[in-house]
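Shared chain: chain A. Partners: chain B in the first complex, chain C in the second.
Presenting the complex of A and B:
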């Protein structure tokens, strides 16, 4: 309590100084220029999430402090706890959070509807607030779409962009003279060919409910399936049924036993133990495959873009970003931090550490090319995936509930229930959810 | 007064919330909807009904196994033998460990291809199980963790009960030529009953509310095969932000625990002598 009161007092003092100094500082000539030190002396509070992107960023926050002359305090929590804290703080209108790290694939629409994101459009257009070298158009189209709401307001600046890619064992593929599949039709025969249990299983994908919902679109999108059509749920379409049939069959027949409850942790563990030939998941897991302390398959993993299908060629992408809280008392100062965290310098640092980012310029950066942490085909697969990126989850308020609904359907299908039947139930629950939350 | 406020306020507030529809992230505040949430959990929500049955089933399986094993262990440790103190200390160790930590260890032990559980099972000549990785076995695998951790509690209480039993009935029985099994069945068990009811009461209340091991190990899956009331209401409140509905489930769980306790207390009264 005492700490908060102190913060408020400091803030008020800062405000008073700012007001007093105002007329002298903002002379017309200077107002044209961008100045990092504009909010010198202010204090920011950030709510961050435990994430590889943040691990890298945290090391450099002191650099922002000396650049801007602001004091930055932050708290880093695991994702779920951070979301709970965010909900409590915002519902209570405490105003304590200035900027926060947001998982847009889960929170985008819910937080937007709740009015928790401060729209950044005006800030981005304001030359006095946005550094000339920031370059909004440097973000990939998928990354820009991922942070933009239906009404055109920009809720965050894209930080980490995850894409689903195709991981495979080059040695096993070589022995059977196989190549990564071009289309979905090649996928099952390939899994069958490489399947030699109990030594090697053909394929692994996430089975655990909720977690599996982010991997399912790797099959669903190329099949031509979507989540919504004219605002109505279409989980029972024939493309959905075909996609779930394939997803469940692959896991039932060619995956390690128990896959129905595998989260990414179990999937990548069995891949790194050398038990699996094919694994499709988020591109960022690759850094551990190449870590000799954790993985038995270092140097044996190939990276490719996902197979295409009758519905087209897609890679489901998931975006996390840095956002400004609508309840912040210093939104413009918080925006400076947000902008700094996603600028070119920091994004190159992230990429060098093996964290995927959605800025085109980073790819041609000489530092990244000179000291690649990952194999060349990882960079190629990731870059190609971003070009065909599509938001992996439906952009609705009840994302978590949707993930549970489809997640249960997928698990039931893996355990042998007919896809059409479980999807009919899922559609019913999904539409019920949409009726409750989207109107 | 302060204590009353601290205890009573959350209960009353939960009850009050359960009469509202409120999404914690929405702009609109709670809306009073009377008993609609309760109508939905009783009539409309199949997922909740399944969770209730599952919660009760889990409790019965786990507590029954714990009672049988706990009494058996108590009888064993009630005898004098060399190393008894050390073994008894080792036996109560599981109870001291943090459930979350245990759950994480069991997750690794249960892994179908990499875990030690299936290795042991195969060594014993059985075919491997899927443990928590199949909807047929998940609930039992979770009950096994609960049994592993909480059997010692029943043992401790039963041991205390055994220590206080009078010697005379046994001597009389011995003179009358009763076998050890007969004296266990006709003397020990009836005399131990009040103690055991207390032990079962403690364990049942706890088992009905089990959260940590399920949340860590299966999150209620596969499908919803291990989703108990507590897991479901956590999801409603903190994943779906459906606060009012979650509150009504909390009240229902409270009623269930209360009901189970009342029944057991009644059983104990009727057993008193």
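Presenting the complex of A and C:
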């Protein structure tokens, strides 16, 4: 069912819908069965990224080696350096990388246009290559959409799925008999109620440009805002203006001083130091909150799903995945690794270590329930968020440029500029970017 | 009475001198102080606000983690091999080159060498990668040493040119008349005279190589990875491990600091020598 060769600009709509339904459509049954040892004796090279998901996975790679009889070599670099290395290797057509860990929310469209992802559709369909218990449809719809390109080709297998959730201080909420907000309308009064500076500030969200672009959709999506409409930018819609107004107002009035320059690091640090009552960010931060060596609020943090709004109920999600390099000389063997890395056993291990994954079956796994590393409401909030997950950033080539454009607008709005005005400028820049890179 | 007054004045001026020196040193010293204290703090206190400058609980967890979780000795060894190799090779090639440029006034050659330094290193990266890949030299010390030379060599040559220019021509002529070859003059007469310069440039080139990050990321592999990358290993997705990061940074700075202190006398003469012509 997959296109034999990707002609990048053809938009195979029929295919796109077909993939969403799942690639396990009619494949003629073959005599040969699936066998992990099929590529015994081969050697694979992986380029991995410093990431909690990889920290857990690395410990078990030897298990894959004995399962498959292959030798695996790998290298783990910080994300930005890994991307540099990837660019050099791929530009030089070295063929040195067989599989790699990819941050789809940044790289998806760019690497796809460059032709660096090997499409996995045919492999997933092939029963001699895909283990019968892999189960593609076990991934949440958001996770499947996150790894699928506009032409229907599957670029990676979803690994870590980060969802934005609502963190709050149970003790402070209890003292004011407050509960997590159901809707956006409740959010501001709540922040106001809990705001008691200089001891405690009501809320913290990322203010620094570029970084703030991943938290902004927590307000934007429920307001009904989107990034693109019929291929055109819509940063100046009335939903956008309402969302930015609220985002900027919350930070201007109820956040710690200097929030306009807060990246995730400053936000999470101020929350862990006990200075903030409400924080909305990636679900993954929670494992630090619950670590006494790093946090002063261990056991005091409550987890909830983000509030809904007039536009619906969403959680922005960010997906990383395991991909096969289009330049690999042993793509099928590399696929075996990506498949193993995202199989049910490994995903359960990840979830038990407090790393979020997008496989539905892991949630009801008895091991996860018996020995939870995280509080029960964390699992509930995460699971509920995945069900309403939507890709947090526009899926375009110039993701980084977009983040700068909206980031500057958000910063200006926090500093007091009218939202309509800064968004008009942002829309102009964004449309320029789209004209330059998307055609 | 008079002598008492002049004594007091001398004491005052000395106090003023040290006071000012301390004031100017403060920003530099504070950075080191902060790095070292950070390496000893647990994470909760590392991120505390207001920051605790003096009173904090001490832990060696950061240092323990550096040595147990990462192959720190391997990284150190790699850095030593690469930096030493780069410096020795740089001196072996650079000193005769600088001498030749200074002696025969080959200005154009000097400018070409400088251009190699002015072009940002990242521009070489992909060609080099292809090149070393074909030579099967990726993930070898050789590739790193050769690439670090592009940073080290122009510095060695340019600093040494001015040193060699200050060697009196009469001395060299005397050597030639007495039957010394040109290489003999360079080796027996010029080189001993510019020894402070050699030490200073050697240290500069060593430090450049020691701190180089970009080339090591791309051209080194797991077995030849150098120290600066080790520091970046503490930065993960949505998490920065400050204690370990600072511990690694302290350990990496230490050898360079020791070398610089030991060779300090040479550096000072080295940097001022050649500033004034008779």
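Here is the rule we use: the second predicted complex is superposed on the first by the 408 of 439 C-alpha atoms of A that agree within 3 Å, B and C clash if a C-alpha of one lies under 4 Å from a C-alpha of the other, contacts with A are read in each partner's own complex, and residues count from 1 in each chain.
In this text, a contact is a pair of C-beta atoms (placed from the backbone, for glycine too) under 8 Å apart; a residue touches a chain by one contact, two chains touch by 3 or more.
Quick caveat, the model's predicted, so the values are computed rather than measured.
When the two complexes are overlaid on their common chain A, residue A:195 makes contact with neither chain B nor chain C.
In the superposed pair of complexes, A:401 makes contact with chain B only, with no contact to chain C. By the touch criterion defined above, A:282 reaches chain C but does not reach chain B.
By the document's definition of touching, both partners, chain B and chain C, reach A:91.
Residue contacts after overlaying the shared chain place A:257 against chain B, while chain C stays out of touching range.
When the two complexes are overlaid on their common chain A, residue A:331 makes contact with neither chain B nor chain C. When the shared chain is aligned, chain C comes close enough to touch A:293, but chain B does not. In the superposed model, A:115 lies in contact with chain B only, and not with chain C. In the superposition on chain A, contact of A:270 is made with both chain B and chain C. Shared contact residues of chain A, touching chain B in one structure and chain C in the other: 84, 91, 269-270, 273, 275. Put simply, chain C touches chain A in their complex at residues 42-44, 47-49, 61, 125-126, 129-130, 133, 138, 214, 217-218, 221-222, 229, 232-233, 235-240.
Here chain A touches chain C in the complex through residues 49-52, 55, 73, 75-79, 81, 84-85, 88-89, 91-92, 94, 96, 264-265, 268-270, 272-273, 275, 282, 284-285, 288, 292-296, going by the rule given at the top. On the side of chain B, the complex with chain A involves touching residues 23-27, 111-114, 128, 130-135, 138, 218-224, 235, 238-241.
Of all residues in chain A, those touching chain B in their complex are 80, 84, 87, 90-91, 110-111, 113-116, 198, 207-210, 256-262, 266, 269-270, 273, 275, 397-398, 400-401, 404, 407-408, 411-412, 415, 437.
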